[in-house]
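These are the structures in question, set out in turn.
Note that chain A is present in both complexes that follow, paired respectively with chain B and with chain C.
Then we have the complex of A and B:
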């Protein structure tokens, strides 16, 4: 699978895929002016690469402490795409990481979880400090 | 203008205004004022949950202006880097509650749709708002929309009271002036 690297800015997260360990990461805050445009390269990457899931499972780690409503839609879209692939070939795990004190991030993770039927979606609490 | 400045300053201070911005709103304005707002709440020991709600509504309301204000500053119909004119006020009531009021011109043609949505949101409780949010999140965005059409629902969800709005006919025939207030 190809590499993917989108650098973080003040209002958009780091988006990174490391082909060595098959981990896709989204880390940071997400409230870009145009979420559709910001996430387009990631969806293009998914489109080109999800068909080539090899024997190593794909792990998706998200640590998004805040996201705006249009990013929320983009993330839902991401999970829908992953769920579709999971139903065909399995081998995908999503981890939603949040800081222990960030109740909002926890609730947001729970709301995504509620809307997914098959995709393994874990809520992972990170202890502070 | 210079003669009115002190009066304006006093009026705003007496109303508990923390920030008042009028002008072209761009993404960098959202980021800049947003950072200052967070800093101010941190210094005032505002709880994390309240501060997150204030920030979230602030971002949605600002981006609403960026995406939908009828008053464009740059005339070119370019997709990004739009500057739209609008106003935003962040204040704190004497009881400590934060409020955010946005104001901008909207096209007359959009008025009915936006008012319809706002009237619906006003009558919904938190569970209904959550259900609507999740339903809309699963749909494709409306044609010509940069946002997801979710911003107002998000604002209503994060507010502690039903959002209020007023609509004023603008002298310029094609627009109305819409103000939306959310109390956190």
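Then we have the complex of A and C:
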């Protein structure tokens, strides 16, 4: 699978795929001016690469503490794509990481989790630091 | 809450379900496609509900942060009492009200006597402590909730007293003066007393005079403060007398 790297800015998260470990990461806050434009390269990457999931399972780690409405829609679209692939070939796990004290991030993780039927979606509490 | 918000969508779903269940449509070749589309619609509707919930939640957090910032930006960091920006805002509002209701409003300008000497002798840490103590004590002097005491800058404080004429304001200023003197904060380098003292200038906007506006009112009180200093400090100026309007 191809590499993917979008550097974080003040208003957009780091989006990164590490082909060695098969880990897709989204880390940071997400309120880009144009969420469609910002997430377009990621969806393009998914489109090109989800067909070639190799024997190693894909892990998706999200640590997004704050996001605007269009970003949350983009994330739902992401989870839909992942769920679709999971139903076909399995081998995908999503981890929603949130800081222990961030109740909002936790509750939003729960909303995403409840919206999914099949895709493994774990809520992972992390300690401050 | 979200159920009421999405009432129309619920009606559409019920209607679609009725259509799908109707005996008239049993043989319709589009029925499977129709049911699949209905399923998608229901899924997307659920997502929309979740998005609204998450968005409200995030916005709620921002609102709380906003209120905290608003509060922080109106408070003087050192003394914890309203800062000049906030005081000026309140004075503008109260003055407008006073003009509208034809009620008096008084302003008291306050300055710590020989504060530079105090700082020089005791150091800035003690100086800050003195400012905090004076600020807290002055804040306790007003009796009504609409009265406000703020830090005007440096060792200067200011009070606005709505619905209070010159007589009343002079009494409040005198009470402030006594309260600070009674604190008995040692001030060895003061040439006029052995403890920290304050000077007060009072100006009043009454219904009898033309409207001066906040800036002129502050200036008038400042002029009175200057007089209080000139006359020897540790006093309120003008002096309380019965013929003052």
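Basically, the second predicted complex is superposed on the first by the 128 of 129 C-alpha atoms of A that agree within 3 Å, B and C clash if a C-alpha of one lies under 4 Å from a C-alpha of the other, contacts with A are read in each partner's own complex, and residues count from 1 in each chain.
What we mean here is this: a contact is a pair of C-beta atoms (placed from the backbone, for glycine too) under 8 Å apart; a residue touches a chain by one contact, two chains touch by 3 or more.
Since this is a predicted model, take the numbers as computed values, not measurements.
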Practice item. State whether chain B and chain C clash or fit side by side on chain A once the two structures are superposed. Key: clash
Check your understanding: Of the partners chain B and chain C, which touch A:66 in the superposed model: first, second, both, neither?
Key -> both
Practice item. In the overlay, answer first, second, both or neither for which of chain B and chain C A:108 touches. Key: second
Check your understanding: Thinking of the overlay built on chain A, is A:37 touched by chain B (first), by chain C (second), by both, or by neither?
Key -> first
Review point. Touching A:76 in the superposition: chain B (first), chain C (second), both, neither?
Key: both
Check your understanding: Between chain B and chain C, which makes contact with more of the residues in chain A?
Key -> B
Practice item. Kindly point out the stretch of chain B, out of 20-28, 110-118, 128-136 or 164-172, that overlaps with chain C after superposition on chain A. Key: 128-136
Check your understanding: Do any residues of chain A touch both chain B and chain C, and if so, which are they?
Key -> 66, 68-69, 72-73, 76, 104, 111, 114-115
Review point. Can you name the residues of chain B that touch chain A in the complex?
Key: 26-27, 30-31, 35, 48-49, 52-53, 55-56, 59-60, 63, 66, 79-80, 130, 134, 137-138, 141, 146-148, 150-151, 153-154
Check your understanding: For chain C, which residues count as touching chain A in their complex?
Key -> 46-47, 50-51, 53-55, 57-58, 61
Study note, to complete from the structure: Per the touch rule, the chain A residues reaching chain C in their complex are 66-69, 72-73, 76, 104, 107-108, 111-112, 114-115
Check your understanding: Contact residues on chain A for chain B in the complex?
Key -> 10-11, 31-37, 66, 68-70, 72-73, 76, 80, 101-104, 111, 114-115
